[in-house]
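One structure coming up, written as structure tokens, with questions to follow.
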């Protein structure tokens, strides 16, 4: 059975069965109550922009994937402008393996030659982005895939490193949000891949967490949400019960200066920091392994995961 | 404690208590699931117009009242343009009693002299409409009260009757939806009282059910929802279990020609018939005694009450 | 014969009688000359906003009433955006008398309990405002009645007094002119009643003169015109020949500090002062007992009554 | 003393002299009454287009000239879109005399060679049109002079005649009202000279009455008004008391077929006929020797001169 | 040296050398003459839409590639809205070879399994489209890459064949040009890859020639231009001198029914036929091996290659 | 043969003759190359405003005249907003001679009485401007002739001189570019004559070079181009080989203070100086005797004539 079969647009025709039962009315009432509980959050975020960094299990698990798409489409219907930035490590590795290209690492960072960056772009733009666009479409939304090259969205530059040359690993040099505004103002959800060219036309692979942070700042987003495979920022990386619910910008800096943080968390914290220090109200690192984690974050007070706020 | 105190705009600050418990996550998950279940209905009604005839218990019971306002504000946030038409029998009677004006009835219809219509207008426009406007505002929406006189919305004419003269009882002669379109396009919910003047400037009291039907047709609404104090149209008026879930226009005509229908149901059926025969897709007579009956109707397949559809 | 009969929209068909007579041509010439004399004022006020505080005899005398409506409609046709703020003391008193509610006064100020404020709102919003709207409509204009609650126009707060508690007597805490701009930009004349709610949803009765002054300031009006039952501000309240034609803001303050001013004039002067000290170019207190006093004020150099200007 | 000195934009400062006298109030009241009498006409013509054929004494007499300009500016302020088409016989003759160019006539029609048409264009476009534009400006309006060549307004073709060749005498082949709509929608009054080029670039002199009729039809005007030096269409050309107040299109045709009509009236009647048979509601031939004849026509029931209406 | 180095946006600073020589003036004059010769074509195509099918040598040869990009950017600057549809056979084959995927053919058509369509999409969307977007950007234009999935541009369906199952080879079921209009109206050039999904979410590879024809029809293009590696449609496929300069739709049908046409020409002719029979004025099959063949086609009378016109 | 015959809008039908010859392809290729060379200039000036001072031989020589019109129309099609300011000395002299009006000069400046200024206005506005408008139209553009009086474009004042009274010789007191913006935004080329009235309604003749400089500054033009009958600014007025290619504002001032400059060059330099000191990026004095000198200037690096830039 196809996805479309499960999530099709049509509303089933009204049926009568059991409609007199009290049980049904109770169910409906619960449903209505839950919708009403969402009201304060609708008020708060209506017309605002939200950037979702989409990655990890939520991108590979079929069921989680559809839950994220539903969340995005729903947020669109309630008047929140969503931008999606996606990663794609596993898909890149899979494609590299298929073409027999071996990965080389220097100090844990992948050396990216011209052939690698071409494979990265094909995997991200030609496969993952199109899947996301297609899934949003199937759930009733309208999306357009963009790389940094499209509409002049992002200009890249070679990442400055002190160690050996990593090749075509880049960073965001500039963001021009014009194409994002055009698309969101007309009801399209931009789906952004983390590749871009520099002024000379060289293509770079950029860390997707960073791209999300920089896009959020340029688009003056109200919220940046990063889906990860962990509960949030932990005091003790071994112990999920040590979740830190809220961090101010200064505390994030301190934490990054310490050795208490998992390596994979660093770029996420950098992105959140950049965002909240450039006009984004709140950034969140949340557990994408929970279905509908995005909705949970937007539509509850307690929130989930770690929230990062400006000083 | 005031309503505003309970439903204020601010989202409570994030608290940490118990956030690690599995129970919370389960609750959040249920909430998200319910929101997701609303998705097909959001798709279906986004950008459409809904006319609510508001009356009965839902207008007098404090708790039901706030539930209706929440429903309206929520529908507005999810992109449905709502128009409210309200009645006000009890409030009219109360004001008449206060000024010592006795009601006269001919064949069950109230004889409306100039003094009466003035009291009717004061009660509807000066009291009930303002309360609704104010409540919508408190729940985070923006509303504007209108009578048929405002912005040339409705032209009335004297109701043609075969019996004795009823005085200033009118019917809708014409609707100019321009002011409704201006307001809804700019995010305001029109709240419409059922009084209007004829070309000579005489004010008439018009049946609010009729007004709702005519407004729905003129505004090319997708849905007309009438809140009543009964489960819907019943086969046996004594037995609520004989609810008729769906009626085609032709069936409504037959039913009105029979003697199986309660007197109070007649104007509602007439209004629904006018609506569905003039472009409204579906009209609903539902039980306003259920809190959030409006949301239940919009966001479920089974619907509640009786649905009237074109032939 | 109804008003509509006299003031209907149709232009009578061309008749030939007497058209050759010199007398007719002379009459037409005089009419044309008068229109031409209006030209400098058209130039001056075209596209500007004018706030009219409407009250006193001009609101109770049938003939004066229609003269005011004609003035408003005419000003609309020549490109002046009019806002009407109305009072309604006599109508309030009449309704209170009908329900047998006795007025209590403390130091000359009416103690306003919940029941009173409800009657005030019904009389102002449900009766007077609708009459004005209807009359404007009959003279060919389009109007919409608004209270402070509609479209979030005004936020009230309890009037701070040093004496005993006056109950629900309020003052303007904030004005949001958005709904006014929407309506006037689309050719509608807003007709504003002087009731509004506070943040907790309590309804207050506010002095209509004050409302006019605050609305004029918020709407960046070029002119505020207050219709009264006196020739203007008098040096000697007993002697109408002591009219003061012009007052600067500072002079108004001095005058209010003296005991030479009638009590009823105080809120009017306060309103004019607030207006001219907040961007309104000129405020006028004029004699509403003169038919077409508003036109006289707008379309002559000498003006009538007292003009208040910024320092 | 210059015109501007007399008609400057500034409103004289408020003076107090005599303001207490009853006489002043009476004068003001009369003025207001006259303005109010204009109300039905404002309603009728607001937003409509009026084409004025301007010529004869009204164009040469200094005082009449300014009266026409005032009328145009006033009509503009009250929301009527005016287009002016002007003639210029005397000025053309004067310029021809100055350059020593002798006029040749064939059957009463001027033979127009290349040199003549050049002089015609200079007199109309370079002198008369600029004067009108300048006068409108001095009275507070904004005008732009146009010939048929500007913005592709009119395409001419050689006038087909059965007699000898008249040279560069043309007729209207096509009107493109785009530039007129752009200008009137932005508050400019187009002032149109009756010269235009054909597809080959040859310039023609066209009868200005005709141009007015064709422009009125193309601009979907509500009214075409032709200023002449006679009271209107007369039954007996010798006797001004035989004015025909109203003519239907069919009657105009009959009249033109008879020999009872003055030669100079023929092109005016042809223009009016073309206008009312192509969507213009009413055409008027009125006496431009009366100051403010245009206002008199627009703002009275009886009208002046002869009105031509469709069958 | 990079492309950007050669084609950068900056205009070199004015130099003086040799500016007095007659030779320079002659060169400039020739340049100006050539620009002037383009004037009739600017008039003809200004504001119109042109669809370019981009493929063959023009897509692989570095120098030809940049010439096409320059042509597109230039056409954009002179007010022609360009849409690009690209193919990508060689790149697809290259990627398949790299992953060791062997191509299977049935009757000359490639059997496309799920793995193949994934590789096709990566090569087209993730590599070729991005290169085109990037090159347009480097030459001063703004482009956005789209597949059929983006913005709901195209709906695919399985290609109906009489022979054995070809797998995921599709055809265009529907085109929604909304996203194209949004982008071109805002100055972006859409670059379209020929993959799309069906209603069930299955991805198909569609013939790019067909996509170009269907897009041209849906976008109401004035011109469809197909870049090929041959001079045009030949009477004798062996002899380039037998070029057919013009074909009417009926002649195309006859030709396709004969055996005189090269297999690769069939889809191109089908696309052109669909276009001209659905509102496109002219379709062209031209020789992409000539640098600037697109400009040559647009800016000359003779045109190049074969022009197909409606009957 | 008429101009229109040579420059008609229609694109000749496609012919086959010789299309197979290599020679044709070579010609087309050269044409395409030349267009491509224009690309950097299109990028640079797209959407910018250019003011052309049109005069001298380019206005009297038939062939040069059409070349200028073609240049203007072409610049319009490639998105450059052109404004034309024209002079007309010879035409004025010719008209003065025809009416037998003798010119009087004081210190080389023409004494301008009322009769003279009237002739100037007729020659400029009624003849030259209309010719330019007509020629632009014949080449496929849309133009509207304006004097300083039209749309309130320019206010004049009497030129202040130390010597004897020159009569109605004026200078620019103010420019209101509103009408220019309205016209250019809608695709019309304004053609501006150098006459204007002062606040009292007196008409003045203004130096056309000055008008061009002031219009360029008010319209925030990117470029002012003055067509003259000389190669540019010369170091030695006797020797055309001493052309100065570039001058900074300061150098212009120095040059004007010296005696090395031809009298006729002074107002041109003053105009250029005013322009570049008020926001215009570059002003050019170029040789209008070269056909298409305007295109040559815009579309080459070397430029022609003298370029004046801000300090």
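In order of appearance the chains are A, B, C, D, E and F, and numbering begins at 1 in each one.
Note that in this section a residue touches a chain if its C-beta (ideal position, glycine included) is under 8 Å from a C-beta of that chain, and two chains touch if they have at least 3 such contacts.
Everything numeric in this text was worked out from a predicted model, so none of it was measured.
The chains in contact with chain D and with chain F alike: there are none.
More than half of the residue-numbered contact pairs at D-F reappear in one of the options A-E, A-B or C-D, namely A-E. Distance between chain A and chain F, defined via averaged C-alpha coordinates, is recorded as 56 Å.
Between the Cα centres of chain E and chain F there is a gap of 41 Å. Chain contacts: chain A has no residue touching two or more partner chains.
Contact topology of the protein chains: cyclic, one closed ring where each chain has exactly two touching partners.
Beginning with chain C and continuing to chain D, the ring of touching chains reads C, D, F, E, A, B. Interface of chain C with chain D (complex): residues 9-17, 19-20, 24-25, 28-44, 46, 67, 70-71, 73-74, 77-79, 139-140, 241, 243, 245-246, 290-292, 295-296, 299-304, 307.
Against chain A, the residues of chain E that register as touching in their complex are 2-5, 95, 98-100, 118, 121-127, 129-130, 133-135, 137-138, 142-147, 149-152, 179, 182, 186, 188, 195, 197, 199-203.
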